[in-house]
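Common to both upcoming complexes is chain A, partnered first by chain B, then by chain C.
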Partner chain A sequence: MSTRLPQQAGEWIDREQPLRFSFEGREYAAFEGDTITSALWANGEKALGRSFKYHRPRGILSFANHDINVMVTDGVDTNIRGDVVKVRDGMQLHAVNTSGGVKKDRNRYLDAISALLPVGFYYKAFHTPRQLFPFWENIVRKAAGLGIVNFSFPRITKPKLHRFCNLLVVGAGPAGMAAALAAAEAGLQVFLVDENSELGGSLGYDHAAGSESRMLLADYLHRISNQPNITVFREAYAGAYYTDHLVPVVQSSGITKVRAGSVIVASGAFEQPPVFRNNDLPGVMLGSAAQRLIRRYAIRPFEQGVVLTANTYGYRVALDLIAAGVKILAVVDLRAGGESGNLHDQVAAHGIAIHRGSCVYEAKPAADKLSVAAAVICAYDEQTNSADTRNAFEIPCDGIAMSAGWAGASGLLYQAGTKMRYDDSVQQFIPDNLPEGVFAAGKVNGVFDLQARIDDGVRAAHLALRHLGKPAQDIRAPVHTGSSPSHPYPFVPHAKGKNFVDFDEDLSLKDFSNAAQEGFNNIELMKRFTTVGMGPSQGKHSNMNAIRILAKIRGLPVDKVGTTTSRPFFHPTPIGHLAGRSFHPHRQTAMHTWHKNTGAVFTAVGAWLRPAYYQTAGRSKAENIQQEVLAVRHHAGLIDSSTLGKIEICGPDAAVFLERFYTGSFASQPAGHSRYALLLDESGVIVDDGVVARLSPELFYATTSTANAAAVFREMQRWQQIWQLDIGLVNVTGAYAAMNLAGPQAQAILSKLCPLDLCDTGFPVGAVRETQIQGMAVRIIRVAFVANLAYEIHTSASDAQPLWQAITAAGSPLGLRPFGTEAQRLLRLEMGHLIVGHDTDGLTNPYEIGAEWAIKMEKDFFIGKRSLQIIQKKALKKRLVPFMLANPVSSEMPQECNLVIAGNEIAGRITSIAVSPSCSQTIGLAFVAPELGTPGTHFRIRTDSGAMVEAVVMTIPFISAKEES
Partner chain B sequence: MNAHRSITIETPDKLYRTGVKGPQAAQWLADQGIALPDNPNSWLITHDQLKVLRLGHSEYLLESAVQHPLFAQIAEASQPMAAGVYRVPRTDAAFMLGGEGIMSLLSEVCALDLSEQSLAEDGLFMTLLAGIPVIVTRQTISHLPAYRIWCDGTYAAYLREILREIADDFSPLCSEF
Partner chain C sequence: MKLLDCPINGTRPISEFVFGGEFRTMPDPGQCSDKAWADYVYNRNGAPGVKMEWWLHSPSGTWFIAERNTLTDEVLRSFLPGKEVAE
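The block that comes next holds the complex of A and B.
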């Protein structure tokens, strides 16, 4: 049966665009612009989903993006919110969280046994016996959650944009529109954000059968469309508030990070459900939901029904329902005094019975339990919050509209640091002390009268103007008069319960009293024990009522109970939106193209792309790496080391700076020599290591590890700010390239290219020389990281590729081949060298790696010295040792991070391990307990499968110079 | 030049660059007859078409379409070049971004407001673009904004790739009256 109303002005559907879709296997007609919910409701469907815990049938509650019991899947995406997501032609939809469909959900039996599943049941029931926990866990995990995550969901890149404005107005209701217009007309660039597809807020649906709101809305829309200073974001929600007015605005297409000069929060208020038995039956809905159905989608919410109210708004709802052709059988007002004035008279003029001091005691379900069939009405005592059922009577109906109060949509205000207070005149938390540049207007500010909301918006705009240094008027804040728009305690106890407070989590009134009795009687504890507000709607329809219940239980004013913390995001936001495009910057060395053309397989090292190894035809990865290692050991290899951090420290105080920065001694370092440089943080933990070469009395050239290059330079700058020495720091990491020529033939190759005396006495380990190779200026450092004979050659990035090719050409006849990072790691392991960050962690101090030799404690100061003075007095807890497997690996190779076991205790872990082709052994480095650190000591390694492998502590290097030939 | 809808991404022809920094860098450059921007984070073009960018207080990036005599002088100088004057080798990559959709592209890669309200034509920003450090200047060409971007040359391929990717699939997010 269609409940679609005749065409009316302002509706959001396009009747010229009919479409069809299916829900639960049945076909339905709809119009372009319909949401899934509106389309189904127009077709007479009321049971649209099942509740999370008890699988009770649910329909419309708020119809405002918070009906989380009406979530559907289209087979690809899940948890699609039916109340706001527009239906598309051809959609095939099914409700989530059912077994067998909405109407015949096999899990509906849970409702019948709900008394056995009270709040806290899970916490208590499955602790013992422990061995049964996996059984229960399996059941609970299957029952938990709503839709089923589709792990094949395509990755659709959502952009994250940055935009800027003078003023961001959140909410395009009357207050927000008035604020935006006032500010824009004064010259501000304004962004106006609203979650709906059309502007206007309540002006679009709250008409009380009149035309004033509609005309006002038309006027606002016209003015906004002609105001060039206003940019409108529709179907967009302000997801969070961050410092300095940074607000991410979320749309289906992505996130726009808006940086505003000022923010006006005119986000309105969420209507709150009164609590009575079966207030969740399909057909029982909030009054504003009924109005939205009527005005936006031209749908009659029900045929004949009851309006339960506790404020003036309920009478406006009644008038709108009457205008839509609904037969209103009664208006039930919780308030003993009821309503007086024009609205009351208009309702009464329709001959409708108005029951003051009464309540809906319960909603009675139809035979199939899928809709409401009647409302039971009885007297209600506001003082005791109790129903007197002696004269209860029943009104057959197919709908109940509820209007008992509001809670401000104040999430952003809380996040901004607003101090809120509970205002008894409106029974609502409202801003008391707003942060600088943040303003509130309209219902969220406790202002409910239409003209007052408009005035409040203009007032907020002038406050924003003043904040931005523009001329502004002093406008007095509106003061609420008349009855409260919210009832202080709209709860109707019922012996049989099922009077729901939280529709997300199926929490009823008794769950809260039970929680309090268990001792969870503060709002944060109660939230966690009951899970109130922890469902997808995040408490937008339950938190305020939960606070009221707790206040009642504890006999405290609402203000004293307080609220829970509001955290970003204000509304569930897809992870894909948060991820955005996921920028992964990477750097390429000057030789990148050469590597690529030579078969390099690249790996990311820090921000760099480096050749891991070079693929040659017919060889596996392992074989290629082994061949590269053997080339370095027996001939020569060339690796691109451009990724090393490279920093020039120059000036009269350069040596002084390095003395303070690193642990070693540099003041005495002669020009032409390099030294190992170990960097600690102030707690004595190893941060980085590298080499510092002195090129002249006032020029040092330091290298850092690839991964830490930026961090080390940043630290140098930071310390220079503190020390104020006469130096200059020049980061030449990108401007200079480097390559490492290593192996027994390295000297012979280099001698073909440069005129230097390369013999061991003329160019010993640690020496540094500046010269030219084929006209290209180079700095050469004699190093011994991957081989005993190696030269690190540095040049400008522009000369790097020709230099690389020159060395390659000179070395090819002598067996030179390029090698990558995989071979480099193995080669340095054979040499017994650790890699900071790989063989150390965020707690490793120099004594644990045996680096005492690199520390000059006699210096007056270096970073971390004071901590080392404390650390060195304490016993070592671990020591990095070289080891070799005692026996050849027959089955499972131990891996890095496998544990070292002594007795039955964990005594360390493997940091590096590899099969050495040079040693024909499996070698590695491991942290072990100090007592296991003596060469010759055996220890065991537990592999991934649990097998134990014997290892023995060795001395380094694993290979000697004579093994390189 | 690669044109993507209304966004253009150009790589300028070969340009020569060098840099100097240090507390005495300004005086040293002035002594060489180089006109300098008065304010930090601004730039100018000298009478002989040398582009001088002042990066912060005491660092200068010099760029020219021809091999300016000063560049060789700096390259051949020892380090430090003089008391309080240090050579900064520059191997930047440069891009020129333009077109009607350029602000949309920039809004995705940069958290700063690069519009004329924020970035003057003689001003420059040192900021992050798509996660990497860059220098940005703004010009107006044919009544449309155009941006010069400098980044470390090792990031050039990445930046070119990401700019092209965004330019290819960019679509405006906001609906505007």
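The block that comes next holds the complex of A and C.
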């Protein structure tokens, strides 16, 4: 049975393009442009889904994605919103949440025992015994719920675009279109966003059997398409509002982050279902849903039916239904006074009975319970909200259209921080105090008359123009006249219940009174206990009714009950839209390719990838590291230290700057020398250390630790901003590469490559030289971090790999090996050097690591000096000392962070520990109480298992020069 | 996402900025008492209200001071240190 109407102007389907799809195993015909729901309804199917909890059959309610009665799966994607997702040729669809299909769902028995399953039953029923809870949970989860997630869902990355406009208009109904045109004509770049595939909003379907709206819409569409300042986003919803007018516009292809100068929210209103028994039967639908079926998809919603209303809108719906060939048997108006005026007279002229002060007491189901078969009508007392069934009568029908009121689509307004108030003349929450640059127009602003909505849009456009500093007119806000578009309490109590408020969550009227009785009588508590508005449609059709019920229960005005918080997104948005690309950038040094080709096993150091060690055939990790250590001790090693932070400080005040920034003395530093640089924070805590080389009187070259490179440079920039010295700061961390040539043969290797005098007097420890190696400019600093004889060679990143290869070639005959960070940590420990951030923590001061020598207290100022003056007066609390285990480790090796125990008290902790291949001992660094700090003192370490291990305080370096040969 | 005005680079998204803590004037280290210095180093005013804050525009390395109401998250003005008078 097809209910498709003859072709009409403005319909959204393309009759030239028929297509076929299947639903629940049956094949159906549709047209291009049909949604899944419209295609099925056109084929006479009315039971399109099963409800969340009671598995009741459901059909069309809002037909606008304000409910989730029709949710389907295609096997890959699930929870597809049938009302708004277009059907495609060849689709194979099934309803979600059924056991055995939508018509014969085996879980439909749950409806019959619903009295046993009130709100929150599972909290109470399965609370004890606790062991059984997972069992029940499994059953409940399977029976209740939505679609099944297909975990082999293909990963489709969606781009995120950024766009900018002067004005973003949300909603392309009459108010939105009028606002967009007025603003665009005044020269603004306007984005007009609408979730539908065609613009127009209610102009496209709310015709009251007239042609005025259709003509107006045609005119608007013509003007918008000819207006170059308007960019239209169709099938796109403004998902959220974030600070400073950032609105993510969501389309199936991805998200566009729109930054607007101003935002006009003309998002309209959600029609709200009046509440009566069986108001969820397939065939019972909102008036606007019926209109959308007729005008957008040319479908007769039902053959003969009843219109239940409590506002003028219901009469417009009745006229549209009549025009579509529906036989209207009665218009039932909840209001005692009913409707008067032109629309009422037009309906009456069709000879239709209009029952004022009456209600639909209940909808009666057909024998198969899959659709509505009759409406029971009786008198209704608005004052007491009670039905008088003494003269009830039944009208057989296959459809009921309901129009009793609206709730503003004000999610974005709430998110923007709008203060709302309840307006009695329209019985709706409307904006009271809007944030700067955000404006509301149309139904969401409580304006319902068509001309008034257009005027309101123009008014909002001028407010936006003024906000953006453009000439604008003062336009008065329209004032609502006439009857309220929303009924204050459209509820019909029924002894047998099943009068639904929230269709997502199967909540009926009594669930709310029960919740209140149990003490959940605050809107936020009630929401959480009943779960109202927590389903996939997020309360679009239910929150307002829930607030009305609670206000009635508590005897409060609606204003005093308040609303729940509106959060992003406006519609559920696929995770795939929000997810990033798992993009984890790494920094590679200039010699990375060489390392890779030489078997390097990399480790992440911050963003950098560094060789941890080099894998050689047939050796374990530990053996490789040991070989690298021994090579450095006995021959030579080369490590890539390009990840060090490298900063150039130049200018007449460069030395002054460094004197203030670091603890040491730099004014007296001769060119050609480097000095240890220790950085404190203002509280005297050690932040970083490195080396500062003076290349010329006005040029210093500073290194920092890898981890702190960015932070140290930022601090330099900040202090320079305060001190305003005559210097320049350049972060050359990426521009320069560095490598450390270390070991007894280092000098011999380097002498093959450069003409420098490398003897101990010509190039002592701490000296810095600029020279060339095979034509490549290098800076060489003699350091002693991993070995007594070592050269840190810096060069431009572009020369680094050839230089590395030149050194390797020169060194190989002398036993040179590349070494990685693992060996480096061991080597520096053997030398007794600490690593800031590893052997120190966020409270360590220089005295605790014995760095008094690096502090020049006689300077006028350096960062942290004033705090050190205070710290100096206090007793030392702990000291970092080198130690060696007194006995060879027999079973359990102590670990870093194991505690030092004296008596029964904690007296410190291990910060570094390792077995030294060079001195064949277990050595380490530990913080200990000052009285344990003298060389030769024994202390005890508690291992993870609780065993006590004896250690003895040593002096550094652990290795002597004679061990290096 | 918020926008912030960098005195050099103009209005930029907050993701380009790094917060640098509350801006406080350092007492004269040569003159002040230990107590006054400790107060400067350790104590921060946690009460919401209008504060002076350090912000770094990271891509350009510009440190500046923003006057911000931490209750309403409204930035009242931003300026380079020492350039406040010129505003």
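Quick note on the criterion: the second predicted complex is superposed on the first by the 609 of 965 C-alpha atoms of A that agree within 3 Å, B and C clash if a C-alpha of one lies under 4 Å from a C-alpha of the other, contacts with A are read in each partner's own complex, and residues count from 1 in each chain.
The rule we apply is simple: a residue touches a chain if its C-beta (ideal position, glycine included) is under 8 Å from a C-beta of that chain, and two chains touch if they have at least 3 such contacts.
Because the structure is predicted, anything quoted here is derived from the model rather than measured.
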item	value
Partner chain(s) touched by A:V730 [first = chain B, second = chain C, both, neither]	first
Which partner reaches more residues of chain A (counting touched residues only), chain B or chain C	B
First (chain B), second (chain C), both or neither touched by A:R866	second
First, second, both or neither for A:S798, with chain B first and chain C second	first
Which superposed partner A:I224 touches (first chain B, second chain C, both, neither)	first
Contacts of A:G599 with chain B and chain C, given as first, second, both or neither	neither
First, second, both or neither for A:T256, with chain B first and chain C second	first
Set intersection of chain A contacts, chain C complex versus chain B complex	259
Chain C contact footprint on chain A (complex, rising order)	242-244, 246, 259, 682-683, 713-714, 717-718, 721-722, 724, 860-861, 865-867, 869-870
In the complex, chain A residues that touch chain B	157, 159-164, 224-228, 230-234, 251, 253-254, 256-257, 259, 581, 583-590, 592, 608, 642, 648, 650-652, 695-696, 698-699, 726, 728, 730, 732-736, 796-798
Touch list for chain C against partner chain A, complex	1-3, 18, 20, 29-30, 32, 34, 37-38, 40-42, 54, 56, 61, 63-64, 73, 80-82
Interface residues, chain B side, partner chain A - complex	21-22, 78-80, 83-84, 86-91, 104, 107-113, 115, 118, 130-132, 152-158, 162, 166, 169-171, 173-177
